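Two complexes follow with subunit A in common, the first pairing it with subunit B and the second with subunit C.
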Partner chain A sequence: MTIDVAHQGGAVPASSRRRRPGLLRRIVQNRNDYAYIAPALIVMALVIAYPIYYTVELSFFKTPANLAMDQKIFVGLDNYWTILTSKSFRDVTYNTLIWTIFSTFFAYVLGLGAALALNREFVGRGVLRAVLLVPYVISAVAASYVWKWLYHSDFGVIGALSVQFGFTDRPINFLDNIYTALPAIIVVNIWKEFSFAMIMLLAGLQTVPDQLLRAAQVDGANAWQRFWHVTMPHLKGVSMVTILLLVVTNLNSFIIPWIMTGGGPAGATDIWITQIYQLAFGRIRFGLASAYSVILFIVMMLLGYFYVKALTRGDEAKSE
Partner chain B sequence: MSTQTASKPAPMPATPVRTRKPIDWWRWAGRGILAFLLIFTALPMAWMVITSLKTQLAALQYPPQWWPEEVTFENYLRLLSPNNAIGHEFLQYFWNSLYVSILSTVLGVVVAVPAAYAFSRFRFPGRQALFFSVLLRNMFPAVVFLMPLFLMMKWLGLVNTHGSLILTYLTFGLPLSIWLLKGFYDNIPPQLEQAARIDGATRFQAFFHIVMPLSSPGIIATAIYAFIMAWNEYVYALTFLNSKEMLTLPVGLQRFFAEYATDWPGLMAASFIMSVPVVVLFLVLQKYFVRALTEGAVKS
Partner chain C sequence: MPDLLHRKNASACLHARKFLSRSAAALLATTFIASPGAGFAANVDLSKWSPDYVKSIAGTAEFDTAAECGKVVPNDYKGRLTYWWVGPTQAQPEIDHKMDAEFWAAWKKAYPNIETNAQSLDYNDMLNKVRTAALGNAAPMVAKFPILWGVEFAAKGQLSELKPEDVGYETNDFWPGAMKSVTYDGKTYGIPTNNETMGFIWNAKIFADAGLDPEKPPATWDDVVKYSKQIKDKLGVNGYGLVARQNAGNTPFRFMPQLWAYGGGALDETSAEPTYKTVELNNAGSKAALQAAYDMYVRDKSVPASALTNTQNENQNPFIAGQLAMMIAHPAEYAKMVDLASKATGADKAAAEAVVSNMRYGLLPEGPARRAVVFGGSNVHMFAPDLVEGGLDVDAARAFICFSTGPEWSTKLAWVGSNPGHLDGFTTKWMKERLDTIKFLDVTTSMLPSGIPFPVIPEQAEIMNIIVPDMLQNALTGKMTVDQAADDAAQKVQELLDGM
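Here is the complex of A and B:
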């Protein structure tokens, strides 16, 4: 950190003394620098920028089912109108919100609890942290099948356990019931990603100065006060980033709902992404699906704005 | 029991107890959370392993056998022996996954290293804007790219080839690698290169001989992260591949499931085998992985 500051401090006066030359001039002066990023830029233009452009373009067209795109018909904003006024859009958006909010909330809270509990030395701490991280690294596809088996209506271990402990007298069919299907897959999602929040917050906890906690203790602050007034303010930045990343991941999640329920029963677990995929590759309505993507994309852009702001907060502070 | 006997003699000394007691309470709450999370995390995985050691018949029993009456490795042997049809298919998927993941990781890192270095060190115009566009990519759902990329692959004749996956995995692998690597380069003092430059090295030589070796932990961390993401990728593989012999494990697993619909022990064994490479990679290189995950998000 100190090195960085020293470096920046040396660079700033030098550039302001020169009074910045014209943009073109600076580009030409730095032309060799672009050689380093050129390969990355070319690849990104091909697989990222062009697809974004093309999705937006397709969203204004009615596309033929044979995907011969030279036969597409311009329909203006019709696709958007069709989506926004459909009843399914409202239901799917509702599911998406429930899915995203509950997954994010519980993943964050469990992650925070785990991080706080792990933030002291004890025997087996490293092993425990590693075990808790395993769900995050394994394939979501494998995880989905494992949980599908746990939830199995006849032979699932969860149903059997709930009978054993006397919660119900018959195994519950979690995934085929419109009331339990969404909560059931949210649990899987939390299982999969809470340790991401844990590891981020654990790293954040390293930045909480020990002296400050001790000083607060000397001043008579109890454990809760120390947590709320000393630890939490230091976790604010990393919490924001973590929550944003969780929200984005959850809005984008596809695998768990797709494999576990396929959006069913009766659309009870249909979220935006599964709906888009179904429209595009189930019903081959690329135009409509593109318009759906653009709507999602706009939501993401708004979130992305906050994300970049949160991430670059440190950089801006430095360069000022 | 032990806690009770421990707390009995405690009231005798006057002051230190009053400060220590509430801390103990918090510590027990922490232990409680950890115990709950350990059970929550480990039970599904344990059940996967237990089920994979059962015969088909033993798995489909109610109430379930909590521990298989006869432990069998039949499911694993069947998946891993190339001589029978299922094993042959499964090993093909495994190999496909490995091949696609390694190639796309290598390609991504090779392209990302110079770019990340430039973003970290140079001050060319447009640097900020370009770097933000790299970050913003993380916001876009895969489906936004899916339809245009599918049409593009169709046009290039790459549908149902591994080339299509290697190329499209760069949509997430490349921005991620640039972002992670830039964080690592930011932590290497520029004075080292400056010293090399003074000694007569060109900028590229300074980069190649000084910065590259120093950043190898960062490159390893980035590569692991990219590999795990590619290994677990499902959506592109589901969309671009259709012939059986091309499938990667995540989609292959689904195919396997659909064909042998009720073979839960086999499916659990397959899930287990599929998880092994990433979990082993993760455990061995945990330090790097955790660093890669948290790099950039945590600033002191």
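Here is the complex of A and C:
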């Protein structure tokens, strides 16, 4: 759509008055560029676009266990209605929000603390940095099994220590209790993710100009004021990206909850992804699972929009 | 599928070797799960089925599998086979790995010109992998499934019809209950490979220390609750190895026998002629069974606190460490315990060996309604030609199915954990060897008459692996009362049957 800005009053640069060439024309003009990225676009269309299309299509069908996929029954928006009005959706969404918010918040805060500590010169900094990276590089599957045994309600090390030191009379029932299971796996998730935040923020800290910090010190700013008024504004961009990536990762988390509790006990750790998996492969309701996936996809796309926006903020500022 | 049938010739070829075993097989072929409608009732002779009877027929017949299957599909047949199954894992005893290796060597020797691509898959991964493969026309030609899985694929039309006669055997060569598990909508879609029931295991020393008769298992499920509490109260160790993990086959295999014993059911699978249309998960018997589990977990705290995340694997270490007194398990559990004891070191070794020597097997307890156990096992299936990657080589598949489901390999491949699907397997020298070397095998074999198969409907996986464990978890975590949990589960099953 073109707008005749001349009629809206105000001075308009001459260059803006020129009509932009159409999309097709621009593609033809830049055909060589498009030719270079064509293979990547084709692969993306095959492995990303088609599955998305098929998932959306499937979300309008019922797929009972006794019918083959080509016999699926069209039900319109029934699957969406079923999901959005079910109590289990509210429970699972609540768990997902708790899981995502707490995991993201504490992973970020711990990561920031670790990054600030590692940004200072001290003996053994390299070793400590390597040690703190271990949770991030270790396999999530292996970590889940190790933590599962640490938490074990009968023979777990944590429970045994709590009894030995007199904190409790009997081992704490971490994973077999509906009130403690979700917090217990959130702790594991934070442990696994904080290193990522640490690395991102450590990189961000390298961009904080030393002169500014020194100037603030000369002006009488204390440590907190230097951190809050100098360091944090410089970390704003990288913090935004880190938090968005953590949120996206946590919304997509599967390995830790699935291996440690399978969504149990009694659904206490069931989050969107485990619910989708359970619906699709445990209960063979591919249509319902697809509708769930589409809902999650929309949420992720919104987050993706903000992520790209945060990522390109600097570019826009430069182009202005 | 007419192109598969060479029944007359094949059957004739096999008649000679059946001389000694036919009468025994006929006696054994019984609907232990009480299904007169299935047409096997004429062969039932329950009175003869006992540990002594099983011992008396073992080692009375000889079989040459390669030669006999060669009469069904010539041994020089040139073709291609793809096969998926749950192969032996690291957790299984060494003998299972040895038998598996011997099987593949024997198959290669018998059919050297059939190029075989066999994929051993993890139990927890296989079902989804097969579902996905079938959707993508990339299924294997032949797959061996646990008894629960086949009906879903049969209902979807993804399996080829396949009956024992197609590979040179007869329907009456197999357990009637097992044949029922491969029958959907009146058609047969597979052949049983092995059948199993579990037994009740206890640690005699713990029983003695707790003031119980060390040689006497609990006679009823009420006794299990009582014994479990007594053991926990006196010794501080867990009594019964309750298993209630979500989405795990171990849970229904251990809870359903209790539920059936009290007179409950998921549907009407315990009745003589089940219709699978009546929901019984909230009848008085089902609620009584759930209450018993609740009493052990919540009221008495006499079972592992980790029961809600445990599978049977998690019961093995506490048992060998003398920290668990009772559990339900396969005959393979004895071999597993011997294996664990052999790998233990230092003081642990002596303790583990003591547990092995104090291990006892008995029948599962009775309830007010019956004594019951899940009729389990595996079946082999052939996928529909259009779903098989690279096309279905029917004769290669038939040769393989004949070879693997015959008396020899259905016995050997079920060495420690199961029983041969082919009834002639009970007459082989290998069965005799098993009975001579595997302690307590005769006990679990004796449970076969009490075997009840899960409902043969496509929805059974959801009912057994999800709804039943959810019901347990809802009650045991206090999220719902026992009544609410049972009613909630029953409602979910009803909605499932109504095609929600």
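Following the convention adopted for this analysis, the second predicted complex is superposed on the first by the 290 of 320 C-alpha atoms of A that agree within 3 Å, B and C clash if a C-alpha of one lies under 4 Å from a C-alpha of the other, contacts with A are read in each partner's own complex, and residues count from 1 in each chain.
The definition used in the following text is that contacts are C-beta pairs under 8 Å (C-beta built on N, C-alpha and C of every residue); 3 or more make two chains touch, one makes a residue touch a chain.
Quick caveat: nothing in here was measured; it's all calculated off a predicted structure.
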When the two structures are overlaid on chain A, which partner does A:N222 contact: first (subunit B), second (subunit C), both, or neither?
first
Classify the contacts of A:G282 with the two partner chains as first (subunit B alone), second (subunit C alone), both, or neither.
second
Touching partner for A:N173 - first (subunit B), second (subunit C), both, neither
second
Given the touch rule stated above, what does A:L23 touch, subunit B (first), subunit C (second), both, or neither?
first
Have a look at where A:G264 lands relative to subunit B and subunit C in the superposition and call it first, second, both or neither.
second
Let me test your reading of the model: by the given contact rule, A:I101 touches which partner, first (subunit B), second (subunit C), both or neither?
neither
Between subunit B and subunit C, whom does A:L77 touch in the aligned arrangement: first, second, both, or neither?
neither
Have a look at where A:I298 lands relative to subunit B and subunit C in the superposition and call it first, second, both or neither.
neither
Between subunit B and subunit C, whom does A:P64 touch in the aligned arrangement: first, second, both, or neither?
second
Please tell me which partner, subunit B or subunit C, touches more residues of subunit A.
B
Touching subunit B and also subunit C: which subunit A residues?
67, 69, 152, 154-155, 171, 281
Hey, which residues of subunit C end up touching subunit A in the complex?
127-128, 131, 135, 152, 155-158, 238, 245-248, 304-309, 317-318, 323, 457-459, 461-462, 465-466, 469-470, 473-474, 476-479, 499
Subunit C partner, complex, touching residues on subunit A are 64-69, 148, 152-155, 171, 173, 175-178, 260-268, 278, 281-284
What part of subunit B is in contact with subunit A in the complex they form?
22-23, 25-26, 29-31, 33-34, 37-38, 40-42, 44-45, 47-48, 51, 59-64, 111-112, 114-115, 117-119, 122-126, 130, 132-149, 151-152, 154, 167-168, 170-171, 174-175, 178, 186, 189-191, 203, 228, 231-232, 234-235, 239, 249-251, 253-254, 257, 264, 267-268, 271-272, 274-275, 278-279, 282-283, 286, 289-290, 293-294, 296-300
List the residues on subunit A that touch subunit B in their complex, please.
1, 3-4, 7, 11, 15, 23, 26-27, 30, 32-37, 39-41, 43-44, 47-48, 50-52, 54-55, 58, 67, 69, 110, 113-114, 116-118, 128, 130-135, 137-143, 145-147, 149-150, 152, 154-155, 157, 160, 163-164, 171, 191, 194-196, 199-200, 203-204, 206-207, 222-223, 237-238, 241-242, 245, 248, 251-252, 254-255, 259, 273, 276-277, 280-281, 286, 289-290, 293, 296-297, 300-301, 303-304, 307-308, 311-314
